[in-house]
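Shared between the two complexes below is chain A, which has chain B as its partner in the first and chain C in the second.
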Partner chain A sequence: MIVPLLFAPLCLLMSVPVFIILRREPEGGLIGLAEKRLPGAVPAIAALYALLFLWAAAVNTARTALFVETVLFPDSRTGFIMLLLLIPAAYAASAGLETIGRTAFAVFVLSAAALLGTGAAAAGNFDLLNLSPPFMNGFLPVFLSAFHSVSRTYEIAALPFITGDVRRSVSKTALLWLGIISLTGTLLFTLSFGVAGAYGSNRLFLFFSVIRTASFGLLERPDPLISGLWLVCSFVKSAFFLFLACRLFCRLPAKKQYPSAPYLAALASAALAAAISPTADVLEKLLQSRFYEAVFPVFVTILPLLLLSADALRKRKNRRRTT
Partner chain B sequence: MTAISEYPAENLRMLETMFGGSCDLITRELEEDGRKAGIALLDGMCDEMKITEAVLKPLAKKKQTDKSFAEEIKDSLYKGTEIGELHSMEEAADAVSGGNLVLFVRGSAKGLQFSVQGYPARAVSEPQTEQNERGSREGFTDNFKDNAALLRRRLRTPALIMERLTKGKTSHTPVLLCYVRGRADEKMLRQVRKKIENAQLDCIFGAGYLRPFLDSGRPSLFCTSGLTERPDTLAAMLSEGRIGIIVDGTPFAVIVPYLLSDYFHTVDDYLASPYYAVFMRALRMLCFLAATALPGLFVAVCLFHPEVLPSDILYEIAAAESKTPFPLMTEALIIHLIYEIVREAGLRMPVAIGHAVSIVGALVIGNAAVTAGLIAAPMLIIVALTTVSSSVISQLHEPVAMIRFALILVGGLTGFPGIVIGCAVILTDICSHSQFGVPFTAPLSPFSPSAQRDTLFRQDWKKLGGKAARIGEMRY
Partner chain C sequence: MKNRILTVLLLAGLFTAFSGPVRGVEINDRLIIEAIGIDRDEAGWAVTVQTLDSASAGTGENALGGERLTETRTVTGLTVADALSRLAFLTGYSPLFSQAKLLILGRSAANGDLLSVLDVFVRQYNTRSDILVAAAKDSAGDILRADFGPNVIGAKVAQNAVLSGKDTGRTAAVPLYRFMALYRSETDCAYCPVLAAAKDREDPETTVMENGGTAFFGDGGIRFLLSPEETAVFLLLTGQYRRGEWRTETPDGSFFFKAVKAHTKTETVLSGDEPSFFINAVLTCDLSEFAPTDGRVLTDEAVKKAALQSAEELHSTAEKILKKAYEDEGCDIARFARRVLLRSPKLYKTFTNGTKKPPVQTHVTVEVTVRRTGGERNR
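Showing the complex of A and B:
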């Protein structure tokens, strides 16, 4: 329960350099700052982040495919599910960020309604005694758990690349987004552990296990419907990452838009997803590995910090020259 | 451009050549007061009474003055008739084609056109495609001038502007661009005008010819321009700052920009009590979902996720389906295809035979197919629900029918994941359109709380009447 509450402050703490960049370069974001201070490094930075987003799309797809394969269709082929998810996602990515945003809004409303409905339906199985004291084993495990969650939130790394498209205040939007995630996470975890208890800690798809216990009037088992909604969320997420990967890749040779780029990115992402998930065990080990904890700060904190340092150095040099 | 000759006979001969000796072209040479004139018109396109009263009689009574002959005629002829000057033979030919009478006078290198059209046209009647309970019974006709008058009667303000354009290389169809000055966004207006002007069309026989030029660039199942047969609907839309396009020869006017939410609104919503209007709007949205996804969902649930349904219902469905020879997906596709055939037949057949087609569709195909064990009753119930829902949102029939078939296929092949991904793609398609800067999904996404008073909800006129909605405010 405490883990999601720690999520927001930890996110904020790690993304301080990103927010500073957003204040300095509200239009251009991270790439805009790099173009001003380190023009030679722009292709490298763009390529690095593009690969990160391609990787994020692949992981998201692999995880969704694993879910479908293990829960919905045990006999289905992973490659087929990945393509079923990624090709439409590429279509959405080709439609642009505005389209993805509008779709995401509609999906958000549906998800919120589904969460409320499921929560209400599963509330009968909720038991306060199932919730253990959060700091029973000390603060460190709680902090590490929160860090584990944060390091899988690639959307923070996406913030400096979409600033030019955001019409309202970027900082306010980001804060609102963090607030919503924290609140939803808290509710989900509370509900899930309140229903599943200690049994929940070793479930691969905890929330799915919880909604299996719920029933809505005529619908005896709403889990396929809720799983469907989860698939749509995953589709939007993949579309967003593919869009970002394409936007950054398209900056490498020339600032041009390639209509087929999202589809190529989807294929690359599908190949990557297939490579990292030959079996459910391999994927799960990868998802639980410390690799994420190591890589994530590089993109969200260290690289933006380096750019800010370069910016500060260049400013100091300029000031010396003028004096 | 061919110049008009000072000799009327020469001009008439040239017109005859231009019309290729068409039998309905009437040309006459007249002699008045020792000076020669010539008239040309198309048989059946002009009102004979108007010709006599407005042109021939005044022409005979005309007295010779110091003015030029053409000026005299223009000044002395009946003022109630629209008169225009012609400067080339091409203009004269266009005027004749438009049902005008063209007059050439000796010694003048200009022609005169008299608006004496009298071609047969349908009278104002009740709209066929947009029935309502409490609103006006007047619908647009096929004549653009009548349509302009019907619109003007509802918006009696000089701010209502109608710009006349001519489109179609061969058809030279009059097109009216209508908007309310001060309410329609200037930039949007310029864009619409430019798009219509740039539309490369040989002939225009309906409003649908112009719609693809006005829609957003991305190919889509959904049209981002609307059609209406009702002058009151067009007037209401214009007052919101939208732009209307009236095309001669069709009772439908095009409305741009047209939003997704507009498909779920009707005239009766504004005449009924607000709570009932809100209920009906919600119902229409539900019908849209049912008409598109219900058969696909039914197929997916029965084939892949039977655990969702209560056991009693599941047993009934299984028992009924076990008696049919077709797999569930094939059965769904066949019966929907039959429905589309019956619908198409009902539309194209003469009215008298149309009823017979309905009876054949309902009784023979429906009842007999179930009795013979070709189709299961639960599937027939789903089809009935779907088609009735589809009729509620008849303007969306084209995309709904296509999506329905696609979702049956996807649901039958991939189950629920396929359905949801299919729905997500459709949602993406809907969200990807913007027309003249206004998102198709506005004001739902991007969400505008203030615009909800007449989108999902419909406030009371006491509140709604205070501040008129503006489409320009939804521009992004």
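Showing the complex of A and C:
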């Protein structure tokens, strides 16, 4: 449960280059910086990030499908679930960032209220003796676990691509978001392990298992409510990543909008999701792999750092020329 | 406008598409399971389920043809899941396990490897993780097949018996997730209430539910049992006691106390050679009944003496239980090891290494305060 507390500082540390770009290029973001310093590399950079967001949408879809197949409808077909999620997501992506943002805010409010209510109801089953000291097995396992959590946070990589569309400071909002995520994660993990104890050690969907123990008043089973909200959250997340993938793909051959792009991206994402999750075991192994962890620093730390270095070099060159 | 309508429809679809059956099974085609009993037999596993008569729901008559609201069936299989899978074939209905509120382990099933017995309920999400767990004195099937009278749902009687502990303090109700957490833990000891269906002594035609106390589990199954009276003290020691009643016999007469509030605090001290645990239980109770000896009147002094004697009796039972569980049976029912873990992970390893539990010192104090003595004034 200490992992989410480490999550925010670690995430912040790794995404320092992203925040520097947000400060230097509040309008153009990462592509704006690339256009200024490495214009020839813009299509390649855009393609790489577009692929990342397709990948993020696919992973999100695959995990949601796993949840639906495991918990809600064990007899359902993976492909059907994926399409059922991705087609509305593609539509939302085609409607634009503002639509996604407004939907996300409404879903956030609903989710926060539902989590607060069900969390409070489940808290009655909390037992301090079910918890273990945070660094019982040393610092390294905790750090690696926190790093693993960070490596799932592709939203950080998205910040330099939406900075021009956001009225308020993206950096400040992102910091606030990180703080909320970290604090909520800590509370949820503490609650989950305090309720489930050793029962939770191997649960695929730990918090959902804990929610199933909660009941308040006439609402004896809040888990369908949480499942529904979680699915809508997943839809918003997929829509956001599909929107970003389309935005970046549309920059490749010409700066042109293609109305069918979100649907094609959704299909590509569904195919990718199906490919990475032929079985739950394959998906879990992939999500736990070093490859999965390596993707995050490449896009959040290394590539932005390379761009910043190119920028610094160019500035130094310019300064030398002028002197 | 068209877009807005489409958005609303898509969102409504997302909300509702996943909240009901994809290949809709009507409620009348469901076998609504109220309770599940598991016994071991020669062929493998015998699973008894008590189901509601959903086939006749809303028809105004009982389609099962009897006077009962429920039907009890036993299916057998090589494993528990195998047995359960035969239900649909035998009944023609689609079983709905999520309504089941009680899981009863027969004596034969409880004395085996519980991880394999309960795996299907832990692994699959079609049963609830907060389903109550109980053990049967003999056969789980016998409890579910017992006739508690016309229009009485046996599973409900058994469930009420398990939950009665919150008022009587004599049953230790435990949901599946907590049972499994204790069972899987390296140092804890899982427990559950013991039930038995027996003929009423006064009216042999009627079946009644009997409280068999609490069973504590180890690797090989049930390690030992506590009586319902001892269960109350176990709950008190572990801070789970809320309300309950007990009787104390004194030279002044028989006192019947009703606990209205209980508070238990356990302090862990690791300074000496052995970890010490100071358990302090404070019970606040009302006097429900006083049956005097030789026409004696109730005095304040007599109430105080009875309260003191109650505290002593509870203290003595507590020490007896702790000795029996920890020293004789090697069951850490008061979760001493977990308390040590929170303070010293290094010392905790002595609880997990080796088969014998490390020695601990326990100091139990029980305080009983009488809050009210009812509507009669003391002399």
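Criterion: the second predicted complex is superposed on the first by the 323 of 323 C-alpha atoms of A that agree within 3 Å, B and C clash if a C-alpha of one lies under 4 Å from a C-alpha of the other, contacts with A are read in each partner's own complex, and residues count from 1 in each chain.
In this section, a contact is a pair of C-beta atoms (placed from the backbone, for glycine too) under 8 Å apart; a residue touches a chain by one contact, two chains touch by 3 or more.
Just so we're clear, the structure is a prediction, and the values are computed from it rather than from any experiment.
Student: Quick check on the superposition: with chain A as the shared anchor, is it clash or fit for chain B versus chain C?
Tutor: In the arrangement built by aligning on chain A, the partners chain C and chain B clash.
Student: Kindly classify A:V236 by the partners it touches after superposition: chain B alone (first), chain C alone (second), both, or neither?
Tutor: Once the two structures are laid over each other on A, A:V236 reaches chain B alone.
Student: Check whether A:L187 is in contact with chain B, with chain C, with both or with neither, and answer first, second, both or neither.
Tutor: It touches nothing on chain B or chain C.
Student: For A:A95, is the partner it touches chain B (first), chain C (second), both, or none of the two (neither)?
Tutor: It touches chain B and chain C both.
Student: So, does A:F73 touch the first partner chain B, the second partner chain C, both, or neither?
Tutor: both
Student: Touching A:P222, do we find chain B (first), chain C (second), both, or neither?
Tutor: Only chain B is touched by A:P222; chain C is not.
Student: Under the stated touch criterion, which partner chain does A:L84 make contact with: chain B (first), chain C (second), both, or neither?
Tutor: Both chain B and chain C are touched by A:L84.
Student: In the overlaid three-chain picture, which partner chain does A:L48 touch, first (chain B) or second (chain C), both, or neither?
Tutor: In the superposition, A:L48 touches no partner, neither chain B nor chain C.
Student: Counting contacts the way the document defines them, which residues of chain A are shared by the two interfaces, the one with chain B and the one with chain C?
Tutor: In the superposed arrangement, which is not itself an observed complex, chain A uses residues 68, 72-73, 84-85, 88, 91-92, 95, 99, 103, 224, 227-228, 231-232, 235 for both chain B and chain C.
Student: In the complex, go through chain B and note every residue touching chain A.
Tutor: Interface residues on chain B, with respect to chain A: 218, 301, 304-305, 307-311, 313, 414-421, 423-425, 427-429, 431-432, 434, 439, 441, 444-447, 476.
Student: How about chain A: which of its residues touch chain C in the complex?
Tutor: Going through chain A, the ones touching chain C are 68, 70-76, 84-85, 88, 91-92, 95, 99, 103, 125, 128-133, 136, 195-201, 209, 212-213, 224, 227-228, 231-232, 235.
Student: Within the complex, which stretch of chain A touches chain B?
Tutor: Counting only chain A, the residues touching chain B are 68, 72-73, 81, 84-85, 88, 91-92, 95-96, 98-100, 102-103, 105-107, 167, 218-222, 224-225, 227-229, 231-232, 235-236, 239.
Student: Quick one: which bits of chain C touch chain A in the complex? Just the residue numbers, please.
Tutor: Residues of chain C touching chain A: 3, 6-7, 10-11, 13-15, 17-19, 21-23, 122, 124-126, 128-130, 175, 177-178, 180-182, 184-185, 188, 335, 338-339, 341-342, 345.
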